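What follows are several structures.
One chain, chain A, links the two complexes that follow: it is found with chain B in the first and with chain C in the second.
Take a look at the complex of A and B:
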């Protein structure tokens, strides 16, 4: 405070001094800005991340680093090998490594590596020095990240051949790295690299890089092998009939799973690096002879344009590339089932995979594909339709039931049978709260159970059901806090919301439910119908990668029997019209040839 | 610039939405337990004021709770109008009284004779009153009827009456009349309204009457509400028709007559008829279930002064009982038997028509509606003044009965000797 006062005094003094030259308004402005507006430096208490003391330390550290950087170039009196200027400009913005090349001298390379990885401090980077068994032996060292790379591979296929290579080769081979790659290292993926940017990338992703004394090139050996989750069952999209494989957290095994499902040479996997600091690997997959090229271009453009620090999950990427971030419904479908992705790929859609996440994004996505489940197609047509019918009913139930209940019991009592209204009235007689509060209380409790159920540790998870069912269901009614009929309403709404196959969509419906409840409490059915109109218009106004969200219903275009109703599989002859795929037809008019062949057989 | 524009349009949209939503919003937020549900209503002549209104108010009971408690309370008040009485009830009933679940309006005979439209027709305007509330006439006081109506199986009288009227429509002796049909009938130039007749059963024993066997069979259902010789169960009867000319009560049709009357206007469903056995002289009856198989065909000639009208009824019969064991279902006898039933029915129907023409002078059959097609304009039809011409009209009703089924037997095996 005292410091502030001092400053205030100083301001006043300043004012006096300036009064001769500056105008009166200027003074007022200064006064206001000094005293009223926020000023960072004046804060004295609490923890501040960018405190002055730390800043000094940082700058010292920087100095130290720059000194260190200069060191290698100073001592051996050599100029740093860098890329030509034009290239280096491109790389400069991505960090200092961009232009740095591997040096002839092993010592200098070692310095570089130590500096890049802050080596004695950074404990999970391993720098192993050894001799290559030439005549005379050549100094070399290998760098890898412990844990990311497979130790046995490094031992067997990198160090062993290099160290126990018995043929006495003379030195003087012009391309030493190339020779070693071609003759000594038996790994299936060995690259000759000379750019530090590539080297760091390889090391960071489980590779082992071998530096050789006297060679301006290093060898990057593929030694990826970290502990990964094996391919398991889908957690959120379970089916009874159909494959039980799900994606895991490794990009490559995910792409392999998809490629296993779509065995086609036209399946393209394009790779990207997203994020500045982290450089997450991402891939898009599509069938080149199907997917609309402009769509591919647009997806690539959006992904490439992202400039951010870290993308940890497709969920984050989804938010970066979706069209309407503030709309209630998701516009990109995330799935953990390779078979589902495959079915979308052969429709002409594009899959986006991000390393480290078991969810794959599908673009473009329409409302209806968010409501379909993989099992719809695996079941026979009548059963699939039954399930679908049930699910579409569940949508309306999950959005509208609490609202309807409120509207009917508080505005439109004449709409329900006399006996029912009397039963509701009787059950509410002991309840001291208005219906709306009652509904919110129970809905809140239900959401609470749901959220707690996700967060609760597995061991005590079982108790949650008991607590939820007993305390909230039974006791709340007996205590006269809520009426028993309301429990039914909340329970059926909750059940219905679990029947929505897509997790994001289910969230959207859960959210809208509260809006409809409020609307119903204020305006009755009028509010519900007005709200529904706005809800539908908002859905109709959305687009997902250029495709109207409600396609092919709004705008109405030609479509296969696969929206609300699922036709027999042989009737789905064309790909979705809205995708404008390169090949429209999925199967010929008669895909069940045997139905025709039978007649011929009889003739014979 | 664009941002600013966007923000402005967003604000505009919000304002429009708010006004649109706030202006027409139904501000009638009422909790279910805030309302007193009137289930039925009675109208009587008042002593101190113009009318005495009786309300049956539901006492909501939780399902599965103790069922011995009273489920309704009956209150009566004298007031100038129905809505006045409703207002008055607020002075001693804790809940907001509402008509939204009222499904029965019982009017006393006394009021009906003076004219019913005064009371019923204005109700059409009301937002709360259901236009499909049943209208009923009771001999005696409406208040008595509502007080005596203690439900036996059902919990609430609304369900009891609803089931009685809806489920038993087909038996033929309960004409269904609600505010809507009464309003229509009373204002239409083509027909006259009727109303269900209800009454409090006196609980009388069957008494000795000097009737022939045939007469006894014929008058099996010839009772008006309240006169049935029965005991037990609920105290109320719903049988017979109250006939109106315009809005004034002019007479009653008993249960038996009501069935024949409903055959002509096509609302008859299927019912069980008892006939004296055609071949044995005494002591035996035949029972036939008769069903209306098609819409009555009405042919008319209104060119002359006296309208000539022929009504063809298509009926289907199923033999239910032949006490005498005579083989009426056989090929030879069937035609004869059918003829007998047709004649029997024709006589009864024509006597009902005669009653309507001569005694009531009221076209309860709605035959006037069929004349409409002979006129180009409503005015011309209106000027034709059908309702005045109805009593003079020559009406012939021709029932055509087809015996379709004979039950589970194709002939009766006689007793072994």
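Take a look at the complex of A and C:
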């Protein structure tokens, strides 16, 4: 054996030894792990959401590659018809469909639609193919969303005329879509569309779009017809005197309700789409000859500038456009009453409506309009004032009563007449807690009953209030946990907080009450005074769309008798000064002409 | 120019509340000590004197429309001397505000919370004032205008509810300590109306003309003089002479006297709500005016960042005196000699402006150029 062979053999043996040691260690490791560690199958939930899989795993570079690879299957084979580059830039920002146009060939269009709506996976979308009865017959198809569109309208006013009328008509018309729109389709809203972005918008909002073979344009027919709640009664703003209509969830019904109340050609409805993913329809309504143009501009600017995914309610929109998100009082009024919106519109304010919500926003809003109710104006002046007086008293009661009670019983006992203080002392004799704890216990219980009452289904909800309030209160007193006088205090406070006509404002007052209670518990009346000072300063510093929140009281501007006291309707001659409306005068100095006429007649 | 614009009613309300706030402290007693039964004449004379001075000084303000007294001082005497003049005024306002912070806190101890530590009460005053001043001068003046009528109703309610105790005989002898005492003290007491200079130092924030500012000032002074007169006369009528010089918190004593049947008595605690409210306005105005003076004297763009510093400084200064007696003595010194600063310096600036023949013209032109 040569030297080389020996070396080779040694190497081989070494390698063998090395691999042997490696397997030996591997065996030991396996032995240890088998005996010391749990080897059973990992128990998993049925399904764990771990992100969107492929997309997350792929790096950015790979992402691009897969997009490129996927493209042939995603997009039709044919070269796409698109808008010129300058136009398409605009559209591309809004979504992928921006620049895509309707094709001449029906099968290409079908492919587009199938891809856009992921057909046939997506079962909501109906794609109905048919022949238009021309000579020779032309292939066509209609697309609509099942449930959003009215089937009978589609059958009667889209398919029927196209399939049966104008039988054997010779074709050779250059603008086929235009001809069909003008001569065949009897629907009251038919548009010729050629951009897929518009087409998808129409289909998504209940329309039916008809594609025709050989035509580079499609027809969008208005066939909205989903199930909707009918016009009902207001839930939160009920009145005895005055209309009983309330808004519902459909934007168009709501705009119609407002237009019905304000029959004026200057009533403008501007439409917007908010939200990138959902494109919620929103509208602003105002009287063009009244509303301050800069105000309209500001409202439009704020709404248009919102860049978000989804806005489903005016409550969300309100938070996007309000001036002071961290202040306790709301700066925008939400109402469900068309008559109220109408009265604000003729004052020169602006209404904001969002599709899918029965609450309409009013801007700008002042503190006082949040405290007024529609009924104040419908009742005769003395009664209206009585109601208002009661309501303003309710505000103070709801904010201050628990605080006052604590301040008086803890720090300023000299204020209470002797008999009463003896009664209070006797009733508190068995109570083991300090007054502040007692108040917080009961306030907490009350708020709990209120919140539970809202969440619990109808029938039980009503009874819960009675059960909660009566039995809990009675039991608490008998158990000696709270004093009977406190039950009265909490009950009156709760009642008063429900007398505030605006839902948001009543929340604001309820929140403030707790602050006042704490301040009163530490500093007595001095604490209440400090709280009031901060509250007043914060209200005075706020603005709603450029209008001071406490206007016309702070800053003092000219105003009609309609703040705390409500003057006679014929005395309210001018619109609020703070709105700077285009037409200040609401009615002439003498609006009751008959009073003058009578005088003249007598003179004669 | 400032973005904040304050209307004339807001300005007047703020001035009236700030001047009038001292009526809830020992001021009526102080007058009773100075002029005995003729204490009310002192305040009448002091009111008239201060109105005359304000009328004269308003010509200085009219020379420089849209400019505050700080800016005018800077313009008339130059920046360096202006810094000294404005600095003295600033120190005066800071000291006056801290004295009042202490006095108001002491008054809360006397009237409502006898066991509370003075530092805690001063702290609550300060926190509220801090928040309010942070929210801005506009908010402050607006809330003053809103609160003013209710505060007035509160004061009038106390005075009128005391009607059964009014005794005109207590106002005799008519001339009290004598004509000389009345006239001299009448002049020295103009310091009590020194807060009217809030209007002059905030002049750059007003949306109205300098001429109107003069009228606002005159109206405020006239109104406060009448209010003081009413309070002092009622005080002297309710409390006979030796007693009137001994009450620690005269207005509180007045409200304690109210007895309108079994259920409407001992309502003094309710009036804590009213007078502490005026205290908040007084302190807020003190802090915000100090901040504005600093801003305009050294020409920095904002005054808001100065507020926390000033607040804490005033708080510390307020707690420095040992006890209430000490602080009352300091306050007496301030009332008797304060005019030498708060009235004399603006008068000096006025005289200098007249001698130098300086007017607002060049400044305005410069301002327009800047625009």
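Everything that follows uses one rule, which is that the second predicted complex is superposed on the first by the 520 of 604 C-alpha atoms of A that agree within 3 Å, B and C clash if a C-alpha of one lies under 4 Å from a C-alpha of the other, contacts with A are read in each partner's own complex, and residues count from 1 in each chain.
To be clear about the criterion, contacts are C-beta pairs under 8 Å (C-beta built on N, C-alpha and C of every residue); 3 or more make two chains touch, one makes a residue touch a chain.
Since the structure is predicted, the reported quantities are computational estimates derived from the model, not experimental observations.
K.L.:
Taking the superposition on A as described, I'd like to know which of chain B and chain C A:452 touches: first, second, both or neither.
P.N.:
In the superposition, A:452 contacts neither chain B nor chain C.
K.L.:
By the touch definition at the top of the document, which applies to A:411: first (chain B), second (chain C), both, or neither?
P.N.:
both
K.L.:
After superposition on the shared chain, which partner residues are touched by A:528: those of chain B (first), chain C (second), both, or neither?
P.N.:
A:528 contacts chain C only, not chain B.
K.L.:
Counting only touches as set out at the top, which of chain B and chain C does A:434 meet: first, second, both, neither?
P.N.:
Touch partner of A:434: chain B, not chain C.
K.L.:
With both complexes superposed on chain A, which partner does A:163 reach: first (chain B), second (chain C), both or neither?
P.N.:
After superposition on chain A, A:163 lies in contact with neither partner.
K.L.:
Would you check which partner chain A:548 touches, where first means chain B only, second means chain C only, and both and neither mean what they say?
P.N.:
Touch partner of A:548: chain C, not chain B.
K.L.:
Touch check for A:556: first (chain B), second (chain C), both, or neither?
P.N.:
second
K.L.:
Can A:536 be said to touch chain B (first), chain C (second), both, or neither?
P.N.:
In the superposition, A:536 touches chain C alone.
K.L.:
Now for A:421: first (chain B), second (chain C), both, or neither, which partner does it touch?
P.N.:
first
K.L.:
Show me the chain A residues, by the header's touch rule, that chain B contacts in one structure and chain C contacts in the other.
P.N.:
The answer is residues 411, 414, 523-527, 530 of chain A.
K.L.:
Please output the residues of chain B touching chain A within their complex, sorted ascending.
P.N.:
20-21, 24-26, 28-33, 35, 37, 39, 58, 60-63, 65, 98, 100-101, 103, 128, 130, 155-156, 158-159, 162
K.L.:
Per the contact definition, I'd like the list of chain A residues that touch chain B in the complex.
P.N.:
Residues 409-411, 413-414, 418-419, 421-429, 431, 434-435, 521-527, 530.
K.L.:
Give every residue of chain A touching chain C within the complex, in rising order.
P.N.:
That would be residues 407-408, 411-412, 414-415, 417, 523-530, 532-534, 536-541, 548, 550, 553-556 of chain A.
K.L.:
Spell out the residues on chain C that touch chain A in their complex, using ranges where they run on.
P.N.:
Checking each residue of chain C against chain A gives 7, 9-10, 108, 112-113, 116, 121, 124-125, 127-128, 131-132, 135-136, 138-140, 142-143, 145-147, 262-263, 266-270, 272-273, 276-277, 280.
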